[in-house]
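Presented below are the structures under discussion, each in the form of structure tokens.
Each of the next two complexes has chain A plus one more chain, namely chain B in the first and chain C in the second.
Let's look at the complex of A and B:
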């Protein structure tokens, strides 16, 4: 190393308060993006799986648009572009909206595939028992599809956590934005990045474990 | 003259930078990732552990954190890098880790009997890999590799945050310039155009990936 760069681990300790606030915002954004993305994705996936006329095509176009453009640019579009047509939103609202939209587009594909993977005999059995079309969907097809989709939904949830770091683009004070601002005034690069790097790795591992335990809890005995 | 022509010409140069960055990272990720991937499925436990650590770290971190780390940390080691090369290194670290994991997944999906058969015929480990396992794994490797390349193209937009004058940054600078010069930033049109350009580049890749995936699953 040059310039006599000296590690100062105490620096991070002195700024734990700010970093803790950033971590809290990261968790808030992840939770909102994860839940919103799953619920909206499920609805869009069902529209696709049942090929509802017109809506199905609109959803397909939406999914392609989101999946083929960078989330980073989507955030700029929402935050700086949309106010031009009178849709002004705070950084927090844009952060939540962009994570939910992104998660919905990716989960829509997961849930569409999962709904289509449910064997049609199950549906026939439900109808044969006298259940209506809606009841068959809610009580038979949907519960099975949700379980089929769990592994892919877990991956998307971890991506949502990592994507929350992009909100530094609109200066939303989540963990990465907080660390970058501290780097800008102190140049304590190593200390800060090692700490937030380990934090992200631990969060991602914990989230994966959490989703796996949900998956296990939901699993039916074979 | 309207504002569109000068902005379009300026952003064209940004697009070229985006494509250059994409090309460099793609080549580095594919070559580096394949080498790491082969080591990952090898029979040297120490090497496997090192590659696993590499893969878990670079695949597990947010890409923007990797880019900032490379950008800020390398100068401390007296490695002078431009923002462009810091972004290229950061994206390649991520891309090679993802590729290594994809290679491992594809090779493990080849039935074990294929490897045992090759060894029984007296092929060495490299010969077995090169002649028997990898040719079969490549087919399964194509869809995830196309997805990785799409993510890399998306990822190049993050280099704007380091100040690399690529497509997104050229758009942002045009917006600032327009705001000062004519008082109207035209941000809706410019960010919309950037989204459209990324869409035109990425849509063929994701469609190809999907059709290959469908063909493999039959």
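Let's look at the complex of A and C:
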């Protein structure tokens, strides 16, 4: 098939160093965004599930704000908007913060739903055994909720990986930004996009696999 | 008595009739090359100009063409027909300007057309009338004067643009903050994320003329002089345009016009940018190697 375009795989090989650096930054961003998003999301989800006065409403407003605006706009706001009120964060800080904030908002809903899905009989059983409210939460309600939430948290985790590509907008040198900058100079569009496309595919599939094995590890014998 | 009056009137008109071509001739300098016949017969020039590139070629608030290149176009019309308005100006864009010339829609393009070896194969160039190059803008209070001052620092520019390629090749110690549009780069410069914004000086002057918080600095690198674009092989018209440019140079027309369009504070960066009497002419030779490092 003649595409009128000569593929040059050697070009990608010559630039593996730069692409490797980009990949490393993508992994760093994904790890931070994923862990931060899960921990913060769990805390916010608990606030919602227990309807802590005032805080619960604040969290609900936060979740709506983040869910109903594009992540792209949020990144721009953090990077270009905040310096106007005297808060200048580096591209790396903005990248991490925006992924954590985004993940936290979505995971808050996941964990809220999971906590509410734990049958109240479990809680009653715990209290009947003489466990305190905190102890019941940590030892009974939370472990069950974490297991309930696993599939939807896996979704958000894979999204976090893919969302890291949006840091292109603030010139943070993750994988996509690195590739686009190479394309802009060399016009080697196909080589680079095939390579980063496959890389994301492999990364996302591995992440899903990893999350699934955690899920299986946690599963109780039926 | 009546006869005498009639004679006077007739004499007056005859004198005016005889003198009028002489006065026109006196005002319009004869160029060393004649205007090609088809254009002469048409009675006006048709020129492709930029309509969105202040202060070179743009449409002003009154809807009229204005700018440094428009001054040149009007001058060409004046040399051709003794009337600066004897010209139809057509707006051209970056991608369509060369096709509009090769297809014969326009006689000439005066549209920030920089000379490159590749372009010279498909379009004829007059002698250069403006020496463009890549420079930087920095905040007014910045101590940066030269490219040497940005070594090891962060410079913002456009993804894939000439400055980015030049910096990668010649100044690898500079950290590049790349965005795909000017507004983001200016924002980053404003926020102190970069110490300078690097671009073609014609674009930079458009920024400084609107935003007095910045100034243009740095030696001109990645040079690409502008010429009038003429259909390849039209030697007669090329000779005429070159004669017109020589005449404008002699009269210091380019520098006088530039002073109207460039903010006073930036004018010093442009002293060597246009052909002027008694100065070495601008040459396309530098543009053969646009990524020359000049020791940086």
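To be clear about the criterion, the second predicted complex is superposed on the first by the 218 of 222 C-alpha atoms of A that agree within 3 Å, B and C clash if a C-alpha of one lies under 4 Å from a C-alpha of the other, contacts with A are read in each partner's own complex, and residues count from 1 in each chain.
Heads up, the rule we're going with is that a residue touches a chain if its C-beta (ideal position, glycine included) is under 8 Å from a C-beta of that chain, and two chains touch if they have at least 3 such contacts.
Bear in mind the structure is a predicted one, so any value in this text is a computation, not a measurement.
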**Message:** Per the contact definition in the header, classify A:135: touching chain B only (first), chain C only (second), both, or neither.
**Reply:** neither
**Asked** If you stack the two complexes on chain A, which partner ends up touching A:180: first (chain B), second (chain C), both, or neither?
**Response** both
**Message:** Applying the document's definition of touch, where does A:171 land relative to chain B and chain C: first, second, both, or neither?
**Reply:** second
**Message:** According to the stated criteria, A:190 is in contact with first (chain B), second (chain C), both, or neither; which is it?
**Reply:** first
**Request:** Check the residue A:14 against both partner chains and state whether it touches chain B (first), chain C (second), both, or neither.
**Result:** neither
**Message:** Per the contact definition in the header, classify A:51: touching chain B only (first), chain C only (second), both, or neither.
**Reply:** neither
**Item:** First, second, both or neither for A:212, with chain B first and chain C second
**Value:** neither
**Request:** Could you tell me if A:88 is touching chain B, chain C, both of them or neither one (first, second, both, neither)?
**Result:** second
**Asked** Of chain B and chain C, which one contacts the greater number of residues in chain A?
**Response** B
**Message:** Quick check on the output: what are the common chain A residues between the chain B footprint and the chain C footprint?
**Reply:** 80, 83-84, 180, 183
**Asked** Which bits of chain B are touching chain A when the two form their complex?
**Response** 56-57, 60-65, 68-69, 72-73, 76-78, 150, 153-155, 157-158, 160-161, 168, 172, 175, 185, 187-188, 190-192, 194-195, 198-199, 202-203, 206
**Message:** Quick check: in the complex, which residue numbers of chain A touch chain B?
**Reply:** 1-3, 5, 64-65, 67-74, 76-77, 80-85, 162-166, 168-169, 176, 180, 183, 187, 189-190, 193, 196-197, 200-201, 204-205
**Request:** Over in the complex, which chain A residues touch chain C? Could you list them?
**Result:** 80, 83-84, 88, 91, 171, 180-181, 183-185
**Item:** chain A-touching residues of chain C, taken from the complex the two chains share
**Value:** 159-160, 164-165, 168, 177-179, 184, 187-188, 190-193
